Structure formats: C-alpha cells, structure tokens
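One structure is given below, represented as structure tokens, and several questions about it will come after.
Letters A, B and C mark the chains as written, and numbering starts fresh at 1 in each.
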Amino acid sequence: MLWRTPEGEIRALEDRCMHRGAPLSLGRCVGKGLRCSYHGLVFDDGGQVVQIPGRDSAPPQARVRSFPAVDRHGWIWVWMGEAERASPDRIPDMMPLDTPDYHLGPSTYDFDAEARLVRENLLDYSHIPFLHADSFGISEDWATTPVGLTELDDGVEYRRWVLDQPLVPGSPLRMDVYSVFSLRVPGIIRLWNGYYPLGTAAELDHGVPPEDYPGVKNVNSSSQAVTPMTDKTTRYFFSWGPRKDCGDETIRDGLIAIAGMAFAEDKIMVEAQQREFDRAPERGLLALPSDEGINTYRKVMARFLREAGELGDA
Amino acid sequence: MLWRTPEGEIRALEDRCMHRGAPLSLGRCVGKGLRCSYHGLVFDDGGQVVQIPGRDSAPPQARVRSFPAVDRHGWIWVWMGEAERASPDRIPDMMPLDTPDYHLGPSTYDFDAEARLVRENLLDYSHIPFLHADSFGISEDWATTPVGLTELDDGVEYRRWVLDQPLVPGSPLRMDVYSVFSLRVPGIIRLWNGYYPLGTAAELDHGVPPEDYPGVKNVNSSSQAVTPMTDKTTRYFFSWGPRKDCGDETIRDGLIAIAGMAFAEDKIMVEAQQREFDRAPERGLLALPSDEGINTYRKVMARFLREAGELGDA
Amino acid sequence: MLWRTPEGEIRALEDRCMHRGAPLSLGRCVGKGLRCSYHGLVFDDGGQVVQIPGRDSAPPQARVRSFPAVDRHGWIWVWMGEAERASPDRIPDMMPLDTPDYHLGPSTYDFDAEARLVRENLLDYSHIPFLHADSFGISEDWATTPVGLTELDDGVEYRRWVLDQPLVPGSPLRMDVYSVFSLRVPGIIRLWNGYYPLGTAAELDHGVPPEDYPGVKNVNSSSQAVTPMTDKTTRYFFSWGPRKDCGDETIRDGLIAIAGMAFAEDKIMVEAQQREFDRAPERGLLALPSDEGINTYRKVMARFLREAGELGDA
C-alpha cells in the first residue's frame, strides 16, 4: 500500500497488518504515519508500530515490511526485492505525460492473464500485422523484417529500418520507418517511431537517423509498464502520442483510440493463452526463430531476479 | 476447432497452436488451410504448418493434431481417439432434422455438470414421474415398469410396453405405449414412442409392434447427443417431434417446449449433484436396482475407451 | 435440510440422498416423511428409506443422517455432533423477537468469510472505535477499558463499566455504561448495555448494577448467531432493540440501521482478511494482549468440539 507523508514523500508498506492480516490500505494517515482502521494500531512511515490503543508500548516485532519507493518520470517506482539492493539510478528513463515536446495521452488496460504473457506478446513483433490487421493495419513487412535485437544489461532493445511503408495505412506517400523498442525489467517499455523520406535508410547505410532529419514525419513515442496485479491478472499502463511538430491533441487521441482497439485484440488472444495454459499446464510449446526476443528477455529477467534476491517471477 | 474446405469438407484440428498456445479457432481460412491470427502461421488441412512469415520453411514438428471428422445424419462427428481406429461405419443411425416423415424441432441445453451426470440422468427412467411431475406429467408406471434392458456392442437399449396410459396427461383415452430408448457411446441417444390401442401389448404377446399398426397414435421420435464441453460443463443437443400422420408443427413446438421445462428440472438436479460431488468427492453412493442401465453403460463405455486407445472419460 | 412434521415438529436430515447425491431439500413432504424429487424414494422422519418405487422393500443401509433439532427461543437449534451427546438444556437462554419488555428488530448479514473470522471480529472490542467511527461513533475508551473477561463453561463473557460516556454520540449528557457481552459455542451472542448516572460505577464499587436502577437510560439488548453456511461463507443473524421504557419502535429501527452500517464496515474488513489468508495461508499473525478473548474462546471451542465428538471447526 502506498501513501504520501505530509512532505509529499511516497511510502510503501506491505498491505497486511502483522496482527490480524487487515489491509493497511484501508487505514488513515496520522502525521507521517498510518493508523490501521481495524484495531487502531499506528505505524510509522517505516512500518514499525509505534502505538497500540490502551497499551504503553509496542513490541519490536510489531512491524510490517517497508519497500523502497521513489517518484520518477511521473510514475511511482517500488522496489520489491531486498531493500539494500535497491538502486534508483537503474530506473529507466521514461517520458512523463508532461514531456514538453510531445502530446502524450494516457491509457490503462487490464488483462486476466499473467504479466509474462503480456510482456511476451509485446516482445514478438511478428504478431502485429496478423492480430492487429483491423486496428494498426500495418504491412507484413513488420513481421518479416528482422528486429535487430540487442541484449541490454536490464532488458532487450530492437532497432530497425522497415522500408517503403505508407505514411499511414492506405496513404500513397511511402517512407522508410525507423523504429526503436525496448523492454526492461520488470516490464518497462519505450517505443519510438519516425517516418523518413524514401531512401533515407540506404543513404544512412541503415544507421541511426537524427531525430530532426529533414522531411521526417509522424514521429511518435510511447512509454509503457506491464504490472502484475496478482499471479494471473495484469494492469498495463500506457502512454502514446506525436511529437508536437508531427501532430496535435487530435492525432494523440486518435493514436490512443487505435491502441485501445489493438489492446482489445491482444486481450482476447492473451487471455485465451492463459486459459489454455491453465487447462493443460504440462504441455510444451515449440519455439520459433521469432521467439529470440522472448528468450533473451527471459534470460535477462532471471539474472535480474537472482541479483534482486528473489526467486520468483516479478 | 472445425472448419470447411472450399469443397465443403469438414476438418478438425486441436484448438492450440503448438507455437504459443493460441486458439486456432480465432484464425482465418486461406485456401484449404488456416492462418493463425496470432503470428500468422499457415496450417494445411491436416494440421501441418506450411508457411511461417519471414521464413523459407517450417520444421516438420510444427504441426497440431488433426482429428478424423465426417458429416453424417445432419451432424458433424469427430473421432477423438487414435486416428487409425476411427471407423465411420460405427456412427449410429440418427434422424436428421429434415427426416421426411417426421416434424422434428431442434433445441440445445447447457449444464454446469460433467457429461457423465447428464447421461446417467437419462439412463435412469425412474426419475421421470418424480422430477418431471410438473412438465411431462406421466404416471409412476414409467418408474416401476422394468426397462427391458439389452446390452449393445456400443451402448444400452431399453424396449418395453407401458400399459394402460392416457394418450396425453389427463386424457380419458387410455392406450398401451411401446417405447424404445438407446444410449450409445459416447452419449448418443435415440428415442421412439408409439401409443397403441389398449390390449395391443397382450395381443402381440409383448413383442415388437409394427410402426404402422392400425389405430396407432402419438408416434414421436427424438435424437440427442450429450457432449462434454469441459470436464464440468456439458452441451446437450436435442431434437423431438411427431410422425407427420400423428401431429403437425404445432405439436412439434409443444413437445420442444415441454422438453425445455423438463430439462430445466434436470438442470437444477444434475447441477446440484455436481456441486455435492465436488464438495465431498470422497463419499460413496448406494446403488439401487434401478441403476442397472447406468452400470451396464459404464461397462460398455470403459470397453469402448480401451478400444479407442484412450484412458479417460469421453 | 429442515422440515416440519404435520404435528409441527422440526426435523433435520443431511441434504444428500445416499442413492445419487440429490439434495433432499428439493423433496416434497409426504405424511411425517419426505419424498426425494429425483427418483421418488420416501424417507421417514428419521432418515430411513421406507419406500422405493417399483420395489417391495428398501435395504437398511438406504438411510441418511438425521440430526437432533429443537425449537427454542424463537430459533431452530440443530446438533451437528454425535446424536447421543445432544443436550438441549445446554442451549443458551436467548431473547426471542417477541420478548415482552423489549422492542427487538431482526436483521441478517452475509459474509464471504469463514465463521471464525466473524466471531473473532466480535470478540475483539478494540476494533469498535476505529472500524466503526462512522457508524457507532463511540469513544476510544471502548478500546482501552479492559473487557473484564470470564471464561464460561461454553464460551466467554465480558462485563465492564465504561465510565463517563455521552448518552449518545455528541450528547452533552454523560453517563457510566455497564455492558455485558457473551459469546457461547458455536457462535451465540448476547449483549446488554445500560447507561447509569455518572458516578454509579464508583458508588457500586464497579459491581453489577440492578437493571432498574434509578435514572438508568438507554437499556438495550441484542441476540446474535454466527452461522457457517460453507467453509468460507457465513450468515449472521441479529436482533437488537431498546427496553420498552427506554425507547420505541423508531429507536429500534434506528439501532438496526446503525448496526447495518457497522456490519457493512465489518464485512469489508473481514472479507479482506479472508482473501489475504487465502492468498498466503502459511503466514503467521502476531498476537496482542487484546486477543485474550479470542484465545480463550478458541480454547473453549476446542474443548467443546472434542466433547461433541467432532474434530473440525463448527
């Protein structure tokens, strides 16, 4: 459970009173601390009970677990591993909603599926032309152009040119698209796309293009977080929008609406996978070359969890 | 999952892509085959992957299980056992809805209970006067007249005369009823009833009466299938109606309506059984002589499953 | 399942036919007995099958368990332990709804939680000022004044003076409150409160006050039963109201309405506990001194269950 001290600092405690299991999230703020709404115990902002009604003192073992938590990039980041291993400087550099040079809109989608399945949906670009034919409507080139995978210290990054694409589905204007996608532990995504004049990829020898290249259009960016709610439910936070010289709030709202259609398509598929895996958990799958990103990310995630002092999936 | 080739032939594949578990039933028809809507893999009509987007070939193990399937008697029959043991000539001889000399109407009922409980409800005629007092409204003679059980190669059959019954509940006209009921693996039912002039049973020495016996009335027939949807849910397909010389579409619709009332009664009882068995699965039951049909059918079903190469319940 | 004989006597049988698991509560009364609505078996009022349709006799093992049951104090009491250990004289002396000198109103609340959690909520008075700040609105003195616990043969009793309290929340008139609460196995509660002139507690040396003490006000009483429906659901029966010289039906209805608000608060908390304990059943709790009543009651309950010949929780 999360609250802010009167100074505005974020605090995170386990949502289970050690006395009778009551959720502290039903409590009330008292000073920097919190009073449980069940039997009135007062916790300080580090999780130690400092007052028990009708008693002179509280035993030291009357405490709940506290988690390191910080505000950054407009989001709250809570470290669920061993507290001494928290390192806020490892927080990825996300774009907050009020990023000055972009019009970013927010959205949230819930899945009745484990977070891993949602991440792995996002890691496999080969599904986009097929599952999202009715929403994104992009060509099969997005499935067949190699993703240009790089293993990061804390995730995977795809960088690639997809050549000779319409500016928007159905447009006669064709361009070269440069796309950067990264997914970092435990499920933090950044996406950047820019549409360049046809031939730019060849001209730049398929290198990294400047963001302000002459004639660039349709520059857009998205920040996302795949957040486990329970073992089998996931909340997916999402922002998307155009760079201000490439689109206004109407474009932004259109992108958010299209993403909503696409995520409804993902939801049908990912929840069907979850039901099938629950039905027959013992059955294996057949890896294909397009699973390279999934496999690389799994390896990074396993290493990260070992370092965090946790065994399970985050 | 089922689909038809452009030639109209029925095809059945397991509804689980071997790659990532996606349901193929969300796919799209391409030629004789099927394209999975998740990552665009194309399957031929035997379940072999023949195209992977962006790849030159597909590995031979990229395939899903295919099931023998045929159209017959207006229904689709899928063999879930070992493919080489499928024998379409063992399909029971059902009456399709467009049988020329009957007015047959269709219906479907869903049960939150395992298929076995629905079958065993149908196998025990002694429940009909009691559970269906408010719908069928037939006399207790239907519970007390022995069912005349014959064990078939693939099921059980009941043939019997029930003497001196009203033509319809409340009618002063009393007749002898000849009734034939069969339930064949895995849950295929045929029912035929004819009402004969009082004394016919004795006159025929309780033998099989001709269907066109003088004075016969209220001849009706039903074809049914108890189909497992999951371990604990069942869909029950049902047709019923009068022979055309014994009733018209209005009679047919009345029979279907009465059956709907009766199945609502069955649903309450069978689902209550399921909840009780789930609550206390370790507790036994006390067999009574009226369970003879249930016990015989179970024996036949076990033999059938051994022959089909399956261990579980169908 | 419960029914009354034509003479009005209450009977209780296990709600599971030993033949096919059908609920006998769907049956119909026949004479003193009951006919199962599935296959028509007739049970006598002790649970023995006395008629099977189409058979001359019933086997002796065709019987279901019968439970001792009596009407008393306007409620029905069923003994779930070994029948020979039933002793109706141990039924606590409750106040029926038609008690002459009180205006008592009824209510019922359902919890998606095990009965134990509802009982233990009621046993710990320290929650009342905190969880029920918006409904009962009583002072923290009710959390900090010791409850004056007595272990009974079949439960626990709290008797105490809470000094210098407002007659009702916000009232300038302050009084000494005498409160008696008992919870007896398996979950039977009586509550009696009287408000006495300030100083009465000292004058009586904190002894038991007469119910008709001069100047006594706001005398009220409640009878309650915490009844398990299933392992994880509970129905809570409740009555409350003023002594007739202390309030009328309007006061009674106001008390029932306030109790409804308070039980909605309890429901949120107790169901959250249940979800948390289901989520992490292996985790322990930290007992506090205010858990004395809970611990004493648990000890009494365990003794009672041993004596009843049962092992589980009632």
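The rule we apply is simple: a contact is a pair of C-beta atoms (placed from the backbone, for glycine too) under 8 Å apart; a residue touches a chain by one contact, two chains touch by 3 or more.
Everything quoted here is computed from the prediction, not taken from an experiment.
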Name the shape of the chain contact graph, picking from line, ring, star, complete and other.
complete
Chain B-chain C contact: same residues or different, taking over half shared as same?
different
The distance between the C-alpha centres of chain B and chain C, rounded to whole Å, is 49
Send over the residues of chain C in touch with two or more other chains.
none
For the complex, give me every residue of chain A touching chain B.
120, 124, 126-127, 129-131, 140, 143-146, 268-269, 272-273, 276-277, 280, 283, 285-290
Chain A - residues contacting chain C, complex:
16, 18-23, 26, 35-40, 52-55, 59, 61-62
